[in-house]
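In the two assemblies presented below, subunit A is common to both, partnered first by subunit B and then by subunit C.
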Partner chain A sequence: MIGMLGETGWSWQLDGWIVLVAILCAVASALLGCFLVLRRMSMLGDAISHAVLPGLAVAFFISHSRSSLPMFIGAVIVGILTAFFTEWIHRVGRVDKGASMGVVFTSLFALGLVMIVQAADKVDLDAGCVLYGSIELTPLDTMSLLGFEIPRAVITLGIVTVINLAFVLFFYKELKLSSFDPSLATTLGFNASLMHYLLMILVAVTAVASFESVGSVLVVAMFVVPPAAAYLLTNQLGMMLLLSVLLAVSSAFLGHLGAIHVPSWFGFQSTTTSGMMAVAAGAIFLITMLCSPSQGVLVKLIRRQALSLQIIADDVVAVLFRREETEGEEPKSASVTENELIEIIFCGRWSLRLVLRWLDRRDEIRMHDNRVELTEKGRLRAQNLVRSHRLWERYLQDYAGVDPSRVHPQAEKLEHFTDPRLRQQLNSETDAPQIDPHGRPIPDEPDFDSNID
Partner chain B sequence: MATPETETASTSPLSIYDLTVAYHRKPVIWDVEFDIPAGSLVGVVGPNGAGKSTLLKAAMDLIPRASGRVSVFGKTYRQNRHRVGYVPQREGVDWDFPVNALDVVTMGLYGKIGWCSPVRPSHRRAAMEALSRVGIAELAKRQISQLSGGQQQRTFLARALVQDADLYLMDEPFAAVDAATEKAVVEILRDMKDDGKTSVVIHHDLQTVPDYFDYVILLNMRVVAHGPVADVFTPENLNKTYGGRLTLLDEVSNAMRRRDRSL
Partner chain C sequence: MIVWPLICRFLLLLKWAGCTIVGCGFALAESGLAAASSGLQAADSGLFNAGQLPVVLKILPLAQSESITDRRISLPSWEQWQRVLLMQDYNTRVVILGTAMLGCAAGVVGCFTLLRKRALMGDALSHATLPGIALAFMTANAMGWQERSLPWLLLGATASGLVGVAAILAIRRLTHLKEDTALGIVLSVFFGCGIAMMGVIQQMQTGHAAGLESFILGKTASMGASDAKLIAAAALIATVVCVLLFKELKLLCFDEGFAGSQGFNVLSLDLVLMATVVLISIVGLQAVGLILMIALLIVPAAAARFWTEKMWEMLLIAAVLGLISGIVGAVASALFPRLPSGAMIVLTCAAFFIISMVFGTGSGVLVRTVRRLRLNRKVVRRHLLRAVFEALESQPNKTTPKGETKPKRTVSFNQILPMRSWSKPQLQRAAELAAREELITQVGEKLRFTRRGRLEAERLTREHRLWELYLITHADIAPSRVDREADRIEHVLEPDVVAELEEMLINTRQLVPESPHLIQANPSSANQNVADAGSGDAGSGDIDREASP
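This part shows the complex of A and B:
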């Protein structure tokens, strides 16, 4: 990695600062974003970061300068007003929250644009700059602190990150409670609307601080995407906060690398870093969605596939077991060909081959001359299954009042999900029957089932 | 909003006087008035839309009241907030929230822990004890969406227990729970009563009212009757409570809204 950085003329003087700015912005946003996502108001970050535009413009008109402090104050005030108006229109106008947010922030954003276009003749308050920022230029605008020349953006965003971190750490318990159950929070003496507005103030501050350097696109992405990805990965709030910070840092880093490298693969010059960081966050989210251990699409797919193979394996040994019962003389043995199996259990040839190889390796079946036979170990597994199946048939017909013609298909499904404990319960519920409803014997519980898992 | 600072003479756990609550000028409960005897198990019964949840929420200042006053152990709700425990309806909560059962129970102690102080092991131990008292200690680390309806309700009850309040307001703790949970909840309510605590419980199943409660409030926008179950829980009173909505009140409130709009 370091080598790669060297080759492309990576300079810590420049790129180091850019990545640091991006990381600070991403972390500050992700920390608050977790609570926005959990409170189902992810879009409020979006709304606030757009709506602060008129605040910037008004501050400019009043102070006639682009100096930071008035701009900052103006933007934060409008940001808070956005949160307030959204709540108010939602309540008084009885409009759905999303709609009222849409009304407020589009109107304010448009108002801001109009004002900025008006002002554009006189100054360079650039609307485009508000959207995607100018993170590449941040290292140039420095101020000295303790004798070091440090970019101004690093200082501002550093302070905001520290404030947000302190907020989340000190009010962790209060944020958790008021996000989970606002009315309980209020009855316990933690004013839920106070927490709401504190959070909104910090969202506005973070959005404004990030504006100059990274633009609103990246802030919005960082408020929502890393927390949403972290939410897919864990069901512990603390872990979710930690993961969202890690994901935010990685998307900042990967985003900058991507901005330098990816366009050159296609013969273009490097592209805007903040845009690429948002893209990186999106890509990270996509990967998480596919691979998350609990909700991941891929993981679910694999699990489902594994289950269906497991069921085929169960069916194979059960078919052999039943054959042995009907046609086997002592010592019991029966065999079956691949084609016969395909016809009996309705499965694909490739799945079957996979299953047979697996069963063979587990020493549950033997294969010779294209014929399949049970081993002692396989017989045990089959005996459990057939026992479960027939106990279920008894139970369904005699105790659950299921129509006799329907008990077999039902039992066929349930047998695959019956562990020894459940089978034991079935056995005692049905008074340990000897035969199933069709008159076939119910095999005994094997003495040990340690090797069936 | 009338919230007199003076203490009322009564020191009833919950005493409500002339309480009216309106949503968008449409009254939901009207001129509600009652006192609850200390140490009793009180059922609040009435048809859907009778304003039962509204009554509890208005008593705790969770929704604004149009008029009326509430006193809790002789003081305002705000002054005695720490003596009141609330068990909200199960539907009102986001069960996908990333917390486990133990976390939820620990939340009952947040009031005691206070602003900005962290949860300590002793708090978690207290929460564990409450979980085992409601019989689901082994599910402490389970994410709340993976609990059954009954287990979720038990979690809420455990949270109420750790709060160690003197007055509990419970919004349908018996809604959609299994028979075993219902029995467990009733037992805990009785234990709490034996400890001298008062519970006000919104309840739907009329059949079990005489078994579970010793005091009942029949509510349908206004209090139809309240008193000991033996005296008040009569067929006539139930008829009055469930015999359709109070059409005259509906009409007058519609008239009020029409007038409001035409102004």
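This part shows the complex of A and C:
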């Protein structure tokens, strides 16, 4: 990786600082973003990024300068007002939270626009440079600290990150409680709305500090995307915070790499870093959404497919076992063709073939001349299954009062999820019956040890 | 309108900030003019100030031809009013009609997204169009077509907006993430992608990317006739779809599960709704800009919600509000040369929203406050009447000098003060209220029923006790606790419920059944009260016995 960095003219002096700034911004936002996602206020970052405009304008009118401190303060105040007004309209007007946010930030933005147009011919007050602050330029704007030349953005964002981290660590319990159950928090003596407003203030500070140095795209993305991805990976808040920070850091790093490399595949030079960081975060989210161990779409799909294949396999051996039972004295003569199986089990040809090959490899069936036979090992599996089925039928009819005509389909479902212990319990519950409700014999429990692979 | 005072306030602010720096405007104007994109110049007749944020600087100089010497917003002359209001200018006509139609359609569509709790959908979608526009531009560039051909760019925007919709629906359906998170993810990732692509476009040799931003961010003032026609077509389609599918969409908004169980395909309905949002946003985006489009989709609908509880009326009101906002904003911008029209439309919408939130007849703050106050007053009055009634009831009869017994007619404050948790001033206030309604007359600290008051008090006490009896006999609540429980419900008992209770509970012909528990708020006698309630079966004589524990 380091070699690859060297090849493309990666300089630690420049790119190192850029990535560091992005990482600081990403960590600061992701820490708070977890709570925004849990509180269903994910769009707040976007809303604030538009709404700070009048704050900038007023700060300019008052201070007559474009120095960053008054602008910063003005923007933070309006950012906090945005959160406050949103909450107020939501509560007093009983408007849906998203709608009240929309009302507030569009109105504030329009107000700011009108004000800026009034002022703009006096001086170059271009809010565009605030909203699309450029992360590529951060290493150039340095100030000296303890004898080192450090980019200003690193210092501001570093301070913000430390504050956010301290806030989250110090108020972890309170934040957790007030995010999940505000009324419980109130009854326990925490002030849930105080926590809410503290969080909103920090969100506004983080957002504004980030716009100024790295632009709004990055911070809006980092507020939402890494926490959402982390939320798909875990259900524990502490873990979610940790994961979202990790994902945020990696998307910042990958984003910068991508900004340098991806356009070069098409013959262009590097592109906007903050945009690519958002894209990297999106890609990480997509991968998480597909492959998360508990929630992943692909994982769920594969698990479901595997289950259905396993059920087909169970059905195949059970069909063979039943046929052996009915077809006379010599049990080993029973065999069945693929087409017959398809008709009996109602499954697709391809999944059946896959299952047959799998069973063959596990040595549970034998195939010759397109006909399928059970091996000794397969017979054991089938015996277990049929025994479960018939015990269930017995139990359902005699003990659960299910109508005799309906026990078969029920048992057909339950048989696949019955392990030896449950079977034993069923057996003892039903007083070890010998025949099922349809008059067929219940096979004996196979020898336990021989069943183990 | 509220807009005018706002403008005046800006003026004051400007003056207060000091009207310095006159000269440097010129230099800016020079450099800005060079930078201004050609499309903007052509359209601006000096009447409109166009623009959204990133293009502010480019646009400003156009307005400066008039305002460089004069920095105040002068009130428009009569001729200007006439010209604008009668829409004599072609440009004014186009812009006012365009924004009006857009506001109307966005209001209608916005109602559905608002009720579907997807108000910020427009926000996410408009951001999501950026990569599509950039991609369309790049392909056009690569193929050697004319890069800025409008239909091709719009097609790109639509495609990427639809991909955004699909992504939002997919995240909602496939994961446990909530609506807002899905919107936030799509918004930021798509927009970031678009920004990254823009970074590439800027390096293209042949690329004439200038103005692509304004394409995304809108330029109301330079709206042309073709834009207006496009808006008209889109508005018509969106409105017709919403009206035709009114019943289905309404069901979708209020009860998705029920809609599904009725056999409607929820997913395709959702898609249709989102597609109309995409349609409106994209047409609006390039005409009026991102923020204005979001505002038009949310604010009129949210304002209309305060006026009514009926869906049809809400649609109608939202459409009208959107229409008026479009017209007022555009007119204001035309009259005052230094107000950007997009922002003025949003501010008009916001003003409507504030007015609606306060004065809305359906669920406006004022109406709800009045309703609550009225209810409070009614409850206080009822409490007072019942307290007086019960105090009279439990008083020993007065013996006149002649030896006859006569029921007492007056009650002192001290008697009813312990009956509930009210302070003397509160009681005094309640008494004044009741006196004003001629239910009670007050002499000093003594209260006395009027004839009407007595009847009313009898009725109230009867309702209260009926409910208490019901709670004791049918809901198994301890007699010592029924008073509190009945307090809550008695104010909302309907006459037919009372009739039912009577039939169920009363076998005496008494007008007011006696209380099943002791009336004085004296905790020490509560136990005896329970015993009394158990033994005391009927008979008016019991009142006295209860009163003397």
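To be clear about the criterion, the second predicted complex is superposed on the first by the 408 of 453 C-alpha atoms of A that agree within 3 Å, B and C clash if a C-alpha of one lies under 4 Å from a C-alpha of the other, contacts with A are read in each partner's own complex, and residues count from 1 in each chain.
Basically, contacts are C-beta pairs under 8 Å (C-beta built on N, C-alpha and C of every residue); 3 or more make two chains touch, one makes a residue touch a chain.
On a predicted model such as this, the values are computed, not experimentally measured, just so you know.
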Combined model on subunit A where subunit B meets subunit C, clash or fit: clash
Considering only the touch criterion stated at the top, classify A:F253 as touching first (subunit B), second (subunit C), both, or neither. neither
For A:Y197, is the partner it touches subunit B (first), subunit C (second), both, or none of the two (neither)? neither
Of the partners subunit B and subunit C, which touch A:W358 in the superposed model: first, second, both, neither? neither
Once the shared chain is lined up, is A:Y231 touching subunit B (first), subunit C (second), both, or neither of them? both
Once the structures are superposed on A, label A:V95 by its partner contacts, choosing first (subunit B), second (subunit C), both or neither. second
First, second, both or neither for A:M240, with subunit B first and subunit C second: first
Partner touching more residues of subunit A, subunit B vs subunit C, is chain C
Using the touch definition from the top, say if A:F170 reaches subunit B (first), subunit C (second), both or neither. first
Please indicate which partner A:S183 is in contact with in the superposed arrangement: first for subunit B, second for subunit C, both, or neither. first
What is the contact status of A:M277 with respect to subunit B (first) and subunit C (second): first, second, both, or neither? second
Where subunit B and subunit C land on the same part of subunit A: residues 40, 94, 231
Which stretch or stretches of subunit C touch subunit A in the complex? 6-7, 10, 13-14, 16-18, 20-21, 24-25, 28-29, 49, 51-54, 56-57, 60-61, 64, 67-68, 114, 117-120, 122-123, 127, 171, 174-181, 183-185, 187-200, 203-204, 291-292, 294-295, 297-299, 301-302, 305-306, 338-340, 342-347, 349-350, 353, 357, 363, 365
Which residues of subunit A touch subunit B in their complex? 38, 40, 94, 170-174, 176-177, 179-181, 183-190, 231, 234-237, 239-240
Which of the residues in subunit A end up touching subunit C in this complex? 37, 40-43, 45-46, 50, 53, 58, 61-62, 64, 89, 92-103, 106-107, 109-111, 113-124, 126-128, 131-132, 217-218, 220-221, 223-225, 228, 231-232, 259, 263, 266, 268-272, 274-279, 281-282, 285, 289, 295, 297
Could you please specify the touching residues of subunit B with respect to subunit A in the complex? 24, 57, 60-62, 81-82, 84, 86, 88, 92-94, 97-100, 103-104, 107-108, 110-111, 113, 115-119, 143, 163
